[in-house]
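Both complexes below contain chain A, partnered by chain B and then by chain C.
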Partner chain A sequence: MSARRLAKWRASVGGPTVVGAVAVLSLPLLLGTSPYALDIATVALLFAMFTSSWDFFCGATGELSFGHSFFIGTAAFGTALVVARLGFPPGLAIPSGALVGAASGFLIGLLTLRHSGAVFTLVTMAAQLGFHRSLFLWSDLFGGEEGVLIGTPWIQDPMARFATVATIAVGSLSAMAWLRSSTLGRQLRASGGDVRIGLASGVPVSRIRTIGSTVSGLVAGLAGSLYAMHQMLANQEAAGDTLSGMIFLLAMVGGFGTLLGPWLAAVVYVAFVREALLGLGEVEPLVAVGLLFLAIWVAPGGTVPLFRRLPRWWRRERQEAAA
Partner chain B sequence: MEVLILGLLRAGTYALIAVGFSLVFGSLRVLNLMHGTFVMVGAYAAHLFIVALAGKADASGAVAAGGVALAAAATALVGWSFFKALQLTGRTSPRDVLAISVAGNLLVAQVVQFVYGTEGVNVNPVLAGGTMVAGVVVPRNDLLTAPVALLSLAALWYWLQHTRSGWALRAVADDAEGAALVGIAPGQKLAGAVGVAAFLAGLAGAMTAPSQALSPDMWIHPLLVSFAVVVFGGSGKTWGALASASLLALAETATAWYWSEAAAQYVALLVIIVGLLVFPTGLLGARRHDVR
Partner chain C sequence: MNRAGPEAKLSARGLSFQVGGAPILDNFEVDLAPGEVVGLIGPNGAGKTTAIDLLSGFRDSEAGSVQLSGHELSGMPPDRRVRMGMARTFQESPAIPGLSVLDHVLLAFETVGRTRDRSRSPKEILDRVGLADDAAREGGFLPIGKRRLLDVARAWATTPEVLILDEPFAGLERHEEERLNGILADLRRERRSVLIVEHRLSLLGEVADSVLVLVQGRLMAQGTMENVLQDPSVQKAYLHAGGPEVGA
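So, the complex of A and B:
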C-alpha cells in the first residue's frame, strides 16, 4: 500500500474506527459494569447502528427517510419468527434477520428510485406505516400488541453480550466508512445530487441507489435482529413511527452525512442524556424531543461538525492573542 | 347507497384537508409535512376552546361552533408563525424546511401527548344526534361538515380568482421569477399561504373532532390523505382537489364496507406507493428537480 493510500485510509476509515472503539471502551468505565449499565450500553450501541445505517444512505444521497424502522421492524420480526416458530439457533437467526433487513432495503431502493425530497420522505413513511399496520391486521402471525417472544437469551453473560454487540457496532461503522470512501460511496453521493449530472458522468444512478439502500437495510436489519434477540422480543415498537422519528432526530443532530456523528449522537443520547432525563418522569419524552428539535433548528448541520470546528477556532484565538 | 353517502360525507373533510396542502405545493413547490399536524392542532384546539368557553367539556351547539371557529383561527396562527419563524431565522432551504417540519411533527405530538395523554379525548359536536338520509343514519354533525367544507372551498376559490393577494399567489405559482420582477417576493408568500392552508386544515380537524377519538398520532393519516390526493388529482386546483378527495374517500369507505376497517387504512398508502411508482414522471416526477 502506497503512503498516499495509507494516509487516505487512515483518515476515512481509521478515524471513525478509533473514535468508535474509544467510545465503546469508555462506556463501561463511565456507566459501570452492573447488568443494568451493560444493558443500557448495549442498547446505545444498537441505536448507533440504527442511526449510522440511516446516515449511510440518507446522508450520502441527501434524502431524509422517515421510515427507517421498516428495516428494523421487518428484521426484528424475521428473527423472532424463525426462532419462535422454526427453532433457529441465534447464530442462524441473526443473519436471517439481517437478510430480511437487506431485502427491505432493496425493496425501498426500488420503490423510491425516482423520488427525492419530501416525496422520498413521504414514501418511506408510507412503507413503514404499511408494515406497522400489518402487524395488527395479521396479529395471528405477528402477535398484535404483544409481539413475538423469543424464549431464551442468546448470550447469558451481560458482559459477553456487550462485547459482541460492541464488536459488531464498531465493525459495521468501519465497514460503512470504508464503503463510503470507495468508488461505490462516491457514486452514491453523486446519485443524490443532480441526477442528470450523475448520469452524464457515467454513474448508474438506479443501480447505485438500490445498492446503497440495500446496504443501509442490511446494517439496520442486523441491528434490528440483535435488538430483538437482546430484548427477547419483537414488538410493534421496533417497527413504529416513534423509533423512525427518534432515528431521524438523532442522526440529524449528530451531523447529517458524517456517519460518525449520528453514531456518536445515538450512543451519547441513549447512554447518558436519556438516562439523565428519566428522572423527570412523564415530561421526559417531551423534553428530549424538544431539545433535539431545537438542536436541528439552531444547528442544521449537526453538532459533531461544530465540535470539529472547535480546535480551529481555538488556534485562531491563540494566534490573535499572541499577535 | 350507504357507501355512497358515507363516502361523500368523508369527501368534504378530505377535500378541506387536502386543498390547503395542494395550494402550498401547487403555488410554492413546498410539500408541507406539517399539514397533518395542523389537523391535529385544530381538533385539540376545538376541545381546548370549548372547555374554556363553557367551563366544562359538555357544551351546547352554539358554544361548540364558537370553539370550532376559534380553533381554526388558532391553527392558522400556528401555521403562519411556524413558517414566519423559519423565514426570520433563515431556515428556508428545502432540506432545512423538510428536516424542521419532520422534527416539528414529533414535537407537537409529544406536547399533545404530555398535555392530554394517549387516551382519546371527546369533543362535543356543533349539532348533536343523527338524521336518516336515504335509509342511513348519519350523525348530524357530519352532515353539517359537508356544506361547511364546500363553502370554505368556494371562499378559497373566490380568494384565488378575485382578490389581489390571491392573484399574487397565483402569479408566484405561474412564474416565480416573473412575479419577483413585478415586486412579489415568492419567499414572503410562504407563511401566508401556509396560514390559509392551516386554517382549512384546522377547520377540518375541529369539525370532525366529535366523530373520532383524538390521539397524539392522529397527524399521520391526514398527511397521507393530503399527499394521496395530490398524487391522484394534481396540485393547486381547488376543484381538482375536491374531485380526487371524493374518489379517495369513496375508495376508503368502500374498502371499509366490503372488506374491513383495517384494510381501509391501506388505501391512501397504496395510492402513494403504487401511484408514484406507476406515474413517476407524471404529476410529481416531471418537476422532480423543483420538488425538494
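So, the complex of A and C:
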C-alpha cells in the first residue's frame, strides 16, 4: 500500500474503525461483565448498526427516512420464521435475514426511483406502517402481539455473543466507511438533492440510489436479524414507528452524514442514557426524547462534528489568550 | 446551416420546446466540428439555457434530433449522453454538499473519464484549472470564480468529445479568465468541440470561431462575432433587450 493510499485509508476507514473498536472495548469496562451488562452492551451495538445503516444512505443523499424499521422488521421476522418454521441453523438464518433486509432496501430503492424529498420520506413511512399493519393482519404467520419465538439462544455464552456482535458492528462500520470513500460513496452523494452534477458526471442516479438503499437494507437487515436472534424473538417493536423515530433522532444527535456519529450516539444512548432513565417508569420515553432534543439544540449539526471542531476552537482560544 | 460537414462531432436539428403552448425554442440547430469553439449568444430569455438543456438531455425536445459522432442521442438520459462523450457545466456552478474539490473531479473521472482516456489524472486536471491547492476544500465553499473552474474541471474529467459551457466567464477574475482561455486552447488542441453560452461578448469573441445568435427562441444570425454584431437585426434585438455587453 502506497503512503498516499495509507493516509487516505487512515482518514476514511481507519479513524472510524479505531474509534468503534475503542468504544466496543470500553463497554464491558464501563458496564461490567455480568450477563445483564453484556446484554445491554450487545443491544447498544445492534442499535449502532441500525443508525449507521440509516446514515449510510440518508446521510449521503440528504434524504430523510422515517421508516428504517421496515428493513429491520422484515429481516427480524424473516430470521425468526426460518428458524421457527423451517429449522434453519443460526449460521444460515442470520444471512437469510440480512438478505431479506437487502431485498427491502432494494424495494424502497425501486419505489423511490423517481422521488426524493418529502415523497421519499412518505414512501418509507408507508412501507414501515404497511408492514407493521400486516403483522396483525396475518397474525397466523407473524404471531400478532406476541410475535415469532425463536426459543433457544444462538450463542449460549453472553461474552461470546457480545464479542461476535461487536466484531460484526465494527466490521460493518468499517465496510460502510470504506464504501463511503469509494467511487460508489461519491456517486451516492451525487444522487441526492440537486442531482444535476451527478447526472452531468455520468452517474446513473436511479441505479446508484437503489444500490445505496440495498446496502443500507443489508446492514440494517443483518442487525435486525441479530437482534431477533439475540432477543430470541421477533415482535412488532422491531418494525415499529417508535424504533424508526428513535433511529432518526439518534442519527441527528450523532451528526447526519458522518456514519461514526450516529453509530456512537446509539451506543451511548442505549448503553448509558436509557439505562440511567429506567427508574423513571412511564415518563422514561418522554425524558429520553427530551434529552435527545436538548442534544440536537446544543449541537444542531451533530455531536461528532462538534467534537471535531473542539481542537480548532481550543487552539484559537489559546492563541488569543497568548496574544 | 451544416457548416461542419459530415465530420461534425455534434449535429442538432429542429430542436423545439414549448411551455404551456408558448414556444421557448423553435427549430434550433447547431453543428460543431472537431476542435471548433462556437458561441451561443442572445438577450436574456432568448432560450440559450433551454437549447443546451435539450442538447445535454436535461429537457426532452418535442421534435428534432441530436447526433454525437453520428450516434443519435434523442431520448437518451443526461448520464448516458455523458458516457457517449457530451459534458456540460451549469450557469450556477452547483457543488455537491460534503464533497471536496478533488472528489468532484474524481466522481466524473471514475464514473466516465477513465473508461474513455486514462492519460490524464484528476490531479493533473485540477492543476491545469488552478485548483490544485484547493483540492481538499469542500467544493460548495469555494468563491464563485473557483467554483466555475471546478465545474469546468469536472466536465473535462469525463473526457468529452463535446463540451457545453453555460456562462463560464461570469464572475471570473482576470487571472481566472486567462486560465479559462488557456483551458479552451487546450481543448481545441485536443480536437474537442466546445459550445459556449456567454453574455460577455468581448471575451467570447477572443475564443469562439463563430457565434450563433438566438432571439426569442429562434436562431437569428450566425457567423464571426464581428459580422453578427454588425447585423442590423441582431443590433435591434439586443437594443430592445438593453444592448449587448460587448465591452464587458
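The working rule: the second predicted complex is superposed on the first by the 319 of 323 C-alpha atoms of A that agree within 3 Å, B and C clash if a C-alpha of one lies under 4 Å from a C-alpha of the other, contacts with A are read in each partner's own complex, and residues count from 1 in each chain.
The working rule: contacts are C-beta pairs under 8 Å (C-beta built on N, C-alpha and C of every residue); 3 or more make two chains touch, one makes a residue touch a chain.
If you're wondering where the values come from, they're calculated on a predicted model, not measured in any experiment.
In the superposed model, A:Ala175 makes contact with neither chain B nor chain C. Once chain A of one complex is fitted onto chain A of the other, the partner contacts of A:Ala84 are absent, as it touches neither chain B nor chain C.
Once the two complexes are laid over each other on the shared chain, residue contacts for A:Ala126 go to chain B alone; chain C is not touched.
After overlaying the two complexes on the shared chain, residue contacts for A:Ala118 are found with chain B alone; chain C is out of touch. In the superposition on chain A, the chain among chain B and chain C reaching more residues of chain A is B. Legend: residue contacts after superposition of the two complexes on their common chain; A:Gly257 is shown touching chain C, with no touch to chain B. By the document's definition of touching, both partners, chain B and chain C, reach A:Gly62.
In the superposition on chain A, no contact is made by A:Ala163 with either chain B or chain C. In the superposition on chain A, A:Gly290 contacts chain B only, with no contact to chain C. Once the two complexes are overlaid on the shared chain, A:Pro300 sits against chain B while remaining clear of chain C. On chain A, the surface patch touched by chain B in one complex and by chain C in the other comprises residues 62, 194. Chain contact summary for the complex, chain A toward chain C: residues 60, 62, 183, 186-187, 189-190, 193-194, 196-205, 257. For chain A in complex with chain B, the residues that touch the partner chain are 62, 64, 66, 111, 113-119, 121-123, 125-127, 129-130, 133, 136-137, 194-195, 241, 245, 248-249, 252, 256, 282-283, 285-286, 289-290, 292-293, 296-297, 300.
Considering their complex, residues 30-31, 33, 89, 91, 94-96, 98-100, 102-107, 110-111, 113-114, 217, 220, 223-224, 227, 262-263, 265-266, 268-269, 272-273, 276-277, 280-281, 284-285, 288-289, 291-292 of chain B touch chain A. For chain C in complex with chain A, the residues that touch the partner chain are 56, 58, 77-79, 82-83, 87-90, 94-99, 103-104, 106-108, 110-112, 154-155, 157-158.
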